[in-house]
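Right, one structure below, let's go through it.
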Amino acid sequence: MSAESSPLDRLLLKEEIESFLYREADLLDERRYEEWLELFTEDAHYWMPLRRNVPRDEPEREFTRQGVDASWFDEGKDTLTRRVRQILTGIHWAEEPPSRICHIISNVQVMQARPAEVDVRSRFLVYRNRVETETDFLVGKREDVLRRVNGDWRIARRKIVLDQSVLLAKNLTMFF
Amino acid sequence: MSGPTSGSLDGGSLKALVDVDRGMVSREIFVSEAIYRQELERVFARAWLFLGHQSQIPRPGDYVVSSMGEESVIVCRDASGRIRVFLNSCRHRGMKVCRYDEGHTVEFQCPYHGWSYGTDGALVGVPFAKDAYGAQLDRARWGLIEVAQMKNYKGTIWATWDSSAPSFEEYLGGYKLYLDLLLDAWDGREGGTEVIGGTHKWLIPCNWKFPAENFSGDRYHGVSHRSVDMVGIGPSGKGRRDMGERNQARWLDVSFPDLGHSMIAFLRPHDAPLAPAYQDAPIVADYFRHCEEERKRRRGAEWRLFGGPGTMFPNTSPLARQPRTIAAWHPRGPHQTEAWRWYLVDADAPAEVKDFLRQYYIRYSGPSGLTEQDDMENWNYAHAASRGTIARQYPYNYEMGLGRATSAFEDHGLTLPGVINDVTEANASEHNQRGFYTRWRQLMEAESWGEIATP
Amino acid sequence: MSGPTSGSLDGGSLKALVDVDRGMVSREIFVSEAIYRQELERVFARAWLFLGHQSQIPRPGDYVVSSMGEESVIVCRDASGRIRVFLNSCRHRGMKVCRYDEGHTVEFQCPYHGWSYGTDGALVGVPFAKDAYGAQLDRARWGLIEVAQMKNYKGTIWATWDSSAPSFEEYLGGYKLYLDLLLDAWDGREGGTEVIGGTHKWLIPCNWKFPAENFSGDRYHGVSHRSVDMVGIGPSGKGRRDMGERNQARWLDVSFPDLGHSMIAFLRPHDAPLAPAYQDAPIVADYFRHCEEERKRRRGAEWRLFGGPGTMFPNTSPLARQPRTIAAWHPRGPHQTEAWRWYLVDADAPAEVKDFLRQYYIRYSGPSGLTEQDDMENWNYAHAASRGTIARQYPYNYEMGLGRATSAFEDHGLTLPGVINDVTEANASEHNQRGFYTRWRQLMEAESWGEIATP
Amino acid sequence: MSAESSPLDRLLLKEEIESFLYREADLLDERRYEEWLELFTEDAHYWMPLRRNVPRDEPEREFTRQGVDASWFDEGKDTLTRRVRQILTGIHWAEEPPSRICHIISNVQVMQARPAEVDVRSRFLVYRNRVETETDFLVGKREDVLRRVNGDWRIARRKIVLDQSVLLAKNLTMFF
Amino acid sequence: MSAESSPLDRLLLKEEIESFLYREADLLDERRYEEWLELFTEDAHYWMPLRRNVPRDEPEREFTRQGVDASWFDEGKDTLTRRVRQILTGIHWAEEPPSRICHIISNVQVMQARPAEVDVRSRFLVYRNRVETETDFLVGKREDVLRRVNGDWRIARRKIVLDQSVLLAKNLTMFF
Amino acid sequence: MSGPTSGSLDGGSLKALVDVDRGMVSREIFVSEAIYRQELERVFARAWLFLGHQSQIPRPGDYVVSSMGEESVIVCRDASGRIRVFLNSCRHRGMKVCRYDEGHTVEFQCPYHGWSYGTDGALVGVPFAKDAYGAQLDRARWGLIEVAQMKNYKGTIWATWDSSAPSFEEYLGGYKLYLDLLLDAWDGREGGTEVIGGTHKWLIPCNWKFPAENFSGDRYHGVSHRSVDMVGIGPSGKGRRDMGERNQARWLDVSFPDLGHSMIAFLRPHDAPLAPAYQDAPIVADYFRHCEEERKRRRGAEWRLFGGPGTMFPNTSPLARQPRTIAAWHPRGPHQTEAWRWYLVDADAPAEVKDFLRQYYIRYSGPSGLTEQDDMENWNYAHAASRGTIARQYPYNYEMGLGRATSAFEDHGLTLPGVINDVTEANASEHNQRGFYTRWRQLMEAESWGEIATP
């Protein structure tokens, strides 16, 4: 946090961020995807790298590299928008009937505050249940850069660290 | 006891289950435990399987772990630079010797009792060797279990456990022309491809043959992908891919029933100009236009041919064009498949081109791909709905385009190998799938490769 | 290979496992994989199964998805208003055609390749039909798989896969009188019942026969429910239900061993007044008192009969009185059951009555019901503790009330169908359970319905 | 929130609510059921509807309707009290031996504050483990109306949205 | 809480504690084990008892007793340090390759504040995924005593209540 | 049907799978479903199994639930104070009668229908006994199923389901001397041990024989534990344990191939002083030094012998010294084991000693133990990597120390029972494991105990 800010300022800021992230979770789980898109800046970047099993002393090999290697997601707002539109067609079979999704968001931390941006960390347990008994648990961490755009917070960067190597789900139709 | 020969089905029952001539295939072969066990023994323990790409292990001592059937294998370059493939299981008590996905090493030490193996598989280290074993242990006989045959084909690594299996060249046969559509550089030079770092790996709740047959030549499931076609993720901003070149081409379902391989292919008119593509990215468009011209120069009439998805029997699926990928469908029980996906680019393409393609590949492919998410959903519930007592009494229908294929395809003097079904008018056929199951039954019936006459 | 006839057990071994005359039933029939597979083929693929209620699909084009054995079926009203039942699996590659629980449609389009089926099951849409298939596909032979027989009995929908099965009326036989106790309006008019919106569906870790036999006539498990009796959830604020009418009645265990159906029934004295009930809710009490008088007027002496829980072979359990429900116990492997529960009311009962009953039903029944929560616990651990090597060597005991039943029950001139064990003094018997397993063995032994003489 | 209330007021209110919900979770998981009951108003309503798989464009069919259709729970304080009494008999076999239950409560949001009531949202992951290896995960959302009754918060309404259609548990002996 | 402290003081304290626990989770999941160790006082005690299935009216038999019976963990800083060192050898096979671990921390409550110490409760869902498909869920509660040591919070006591009897994992190489 | 005799393997196939003389054991015996089922019937339903310690149930009416094979059993003290062992399953419908881990009771009432059983297993309570059953139920025949033989040996409780099994003494045979190293007080008095409160129970994803053979005598897996040796958790602050006494002793692998039992043992020089131990805790060190002197006085030359880990066939592993524990490896399917671990101390050791040992035991042992965490990892992935089609074709290697053992061990006039391999020079052998599989094959081949000549 900027040095001068008081504990109370920091607390109020954190509360703002937390509410923002919880509201985001509501929009997703209530399938209000178009409103969810509005939470992203135009230049937003949304990225989920792959993970490998490597020796403890070679951590640099664990994650695939941004902009070079393959990943689960490497999106701008344009492709996020297309994903949303696809769901809304009503014939995106992987989400028809719609999944029952729950974003349990925890461990929210404001790591650093700059004039117009904050670095935020949080953790997720995304629960997906669909059709009859199909169930997935996707658990991990998020590193966001939130930017204040005329008074409102927007997601400018989101890095998602999924705690799996082989993906234990048939697809990733949910958002993180 | 589920030993090597348990539950093996005689030809008779298999013939009843797979009647390719009438286009009928029983659901049993997708859901039966016994048939699955026989597949592990008669298909996956015998066939040539795809393991990865040499660009994953450039230097001696580099290794990457891959999979053959249900089993883990180590693919590494030995000190001499030769690529070797070993079962990832210690000879002493079976411990998984290497639990890393990739790395660099001089030896593989087993974490249980410390036997260590060189990158050539030799048992090089045995604790207390002299005192505890003396002459009892003949080290030469206890190295890592190595595949019977290995082949590096234009950078792609393949292997089989069966020494009596035909050579890779024989096994590949006339399919070479089509596989090369994936593996040769876009400008027509031999080889010259590499994989992007990172392999997609994920689990699909369906039998491995659903993806294998789908990729073998399913032009028919447009309904699956209508939603992505509506929103558009293609390299020119519309649809799933650039359709210009396809629309002016002849559509060919190419199958090698006696090999089991097949591909969706296209043949350009002999006299047509290049259709526009990659219109979202001028640099990329220029690159490919340039490559096509080079290719035309190098390959002549053959240049007219370009590829789509296909399956090289049993479980490897090259996708030659848009998006340019290769997949392996690893069996994980009759009801589950572990999919692995590699993404290919010309090794010497400009960074912008590689970057553009990478982004296109992953928004299209795999569990996060807008296109293939719907394939997984369909395979999942097609499999699930086929398991029941009643459902299993009704075969699947593979009648589409029966009896329309030719073994002597020719177009303006250009002949093509394989049994070919021209579906330009029909839009689709199940010619390739029938070829896949023809070979499947052949391997499942045969006691050994000896029984199978090589074409 | 787990094909149609795999692992079928001859009569001899079944006789040894199910010795009804001595009241001994082996634990094997609850836990054995092979017996379970045979049940799917010889019980669930042959018997009449309950699917739902017509009030779930009032209009043409309405559909609801249900289950037969392990398989999903579509229950819909075709354009002509007829109720039709189809296997929920596409004929092309088996895709689950409808993944919704209920809805309204003009056709079912398969999401994989787009074949579409009318509400009459006909294959009405085939992409590229003319160009891709031409004459190859005989559409008439590739409609959705329809059940062999379907019956709408007083609003309840039933079906069987076996065309050689007896008609529903034959299959129901003398049990009609008892099933009607659930399905007729409380005031004695034929039919007139409807289901409350929403079906409870949940998984129980036990063999499907635990709930089936429990509901068939287990008056003996009071200990299971002592806790709820102590706290009281009944319509008069005490116990589980109103006991007044039961306490003054004769207690009858009614079984049809040659059909497998049974019910716990009660017979009022020919000369007694109505016992008070529903004292927590005057309006409800008035309604039922009124209905009972109407019923008496309409049905005469038969009015004296009222019902409790029962099981219609194999897996449908009507509960005729308090709470008024119907359950289906769907097999999901030998060790798991998926329970479905519907809640019934008189269609034209006042809103207050329906509301009162709804709340009573759900606080009593299913996974959130104070009563049945304990049933699930017992079935779970009774099953689990019966799987072991030693446990399986010891049969269950069904000796209670052996040899006390009569086929000619009569009371003050009123005769009742079925083999009846009067347990007014005994409090309980296992007469109904023995009847259930008599029929079970009969179906399991028979190669076909032909071998089974209809009573 | 009422317009005039300051960010700090809102924050203090949220903290109160959060503490209330966490304390509730403690009472439940420590099996102090009678104290838990005291957290409800006399006119409390506790409701968990059923969920169906329906097309994306027919959301009105997804949930069973309150007061009309069947549900998992549709309780007043009276039946909640009977459920508690039943557990305390010590012969409610489904809870004997007692389950090991954990209420992970997250995403707490104060949606609206009226003079004496607040609308609160939260999410739950209820973990149940019992006897030897029996384990259930029940995940979903809660919508509460909390009322201030002489100084203390009480639960006046609770709607529970379970993210399952076929219930993936043999029974629902736990509270949400 | 100490009587005199104001709601705002309490809130700021809670925020401090929450941040502390979230930061601890980051250190663990980022495998910064040595820094994690520094969060403990020299006299720290770290204890996870075993649990038995016993009748509802014999709760005293449910947990194994501290200092007398067996337990999953009964550690001082010395053994915690040895556990960390073992992982860092790179040949502690049970953590080689390193597991992907996520500590979802929730329900943070400051129960009592003394001049230099606070009693804190929290809940955890520890997700472990390793090698290919190996996955464990460990869920339960923590009761901490945090002590202020020249300005920083330190963990002086941690009691971990795991909601399992038979441990549903092959080992406990992760920390709680 | 997976009945008693299903899939039983004749001697021939077993001989091929387990060739002890050549030191070859097939991976099939660890991963095959059929072999596992046969183990449940021929090993676990026949052999003497360890259940717990008398100090867990001191008073009449005390009970603790334990496990035999896959099944739950009640171990309790009846009114007369006798220890009794019963299958934890009701005779009526199989309900798990006791779902508590331990407690005190006068009877076990079944929660389903309320049959109740005395602590002697007798069926003492039957609701409505007179009215509902009358003479039909012969209570004497329907008590809880009791084990055929039970033995309290120096406080440890053992039982077998087989009445034709040899007596415990015969079954134990010459292994008595070694088991006593665990069970006798450190100062040499007979018995006098107790267990610390709380039993570790956890699941390991491997076949039960991995831990059984590892404990039987695997001195060879030092690599597994190198990391803990580096950080040091031993009673003197270094390594895993005190090595002083081991380093000056002879290392003996002791096996009883005709019984299947074995232990890692050590023999002190006849003339050496005590090596220092427990240097982290003077009080503890004093206690043990004192005990050793007492023991020397009481036992004479035999004092020179001390023990390490061992396995008493089939699945009980005493660890006689540091840390002093006893484990049972319960089978839970071919691919899973449920491990139970008890911790032993001298009953009358000072509190400081018990406390010190308790802390040492749990930082060493079980899922939270720095040492054994790595064992679990190795057993998990050794098992997993042995399941595949190719892997199963290659046997494990047990050649270490073949042909070096003697049946007439003697050292300075002290003779020891068992077939002994002195590995002081060799460091390790697989002598004990070979003995384990010799007995395993013997039981798996025999139709009954009668066929097995008792030594």
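By letter and in written order, the chains are A, B, C, D, E and F; residue numbering begins at 1 in each of them.
Note that in this section contacts are C-beta pairs under 8 Å (C-beta built on N, C-alpha and C of every residue); 3 or more make two chains touch, one makes a residue touch a chain.
Just so it is clear, the structure is predicted and the values come from calculations on it, not from any experiment.
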Interchain contact steps from subunit A to subunit C (minimum; 1 if touching): 1
Chains touching both subunit C and subunit D, listed by label: A, F
Proportion of interface numbers common to subunit D and subunit E (over half same, under half different): different
Most distant chain from subunit A, judged by the mean position of its C-alpha atoms: F
Equivalent of C-D within the choices A-B, B-E or A-C, defined by over half of its residue contact pairs recurring: A-B
Chain pair with more C-beta contacts, C-F versus D-F: C-F
Mean-CA-position distance for subunit F and subunit E (Å): 33
Inter-chain centre distance, subunit A versus subunit F - centres from mean C-alpha coordinates, in Å: 50
Overlap residues in subunit F, where contacts from two or more other chains coincide: 99-100, 111, 203, 224, 374, 377-378, 381
Contacts with 2+ other chains: residues of subunit A: 8, 11, 53-55, 91, 93, 96-97, 104, 106, 125, 131, 133, 137, 165-166, 168
Pairs of chains satisfying the touch condition: A-B, A-C, A-D, A-E, B-C, B-E, B-F, C-D, C-F, D-E, D-F, E-F
Subunit F-touching residues of subunit B, taken from the complex the two chains share: 1-4, 40-41, 44-45, 68-72, 87-96, 99, 109-114, 127-128, 131-133, 136-137, 142, 145, 161
Sites on subunit C touched by subunit F in the complex: 7, 9, 13, 23, 27-28, 32-35, 210, 218, 220-224, 374, 377-378, 381-394, 396-397, 399-402, 423, 425-429
Of subunit F, residues touching subunit D in the complex: 99-100, 111, 203
List of subunit D residues in touch with subunit C within their complex: 48-50, 52-55, 58, 61, 64-65, 67-75, 79, 82-83, 85-86, 89, 91-94, 131, 134, 165-173
Touching residues on subunit D, where the partner in the complex is subunit F: 91, 93, 96-97, 131, 133
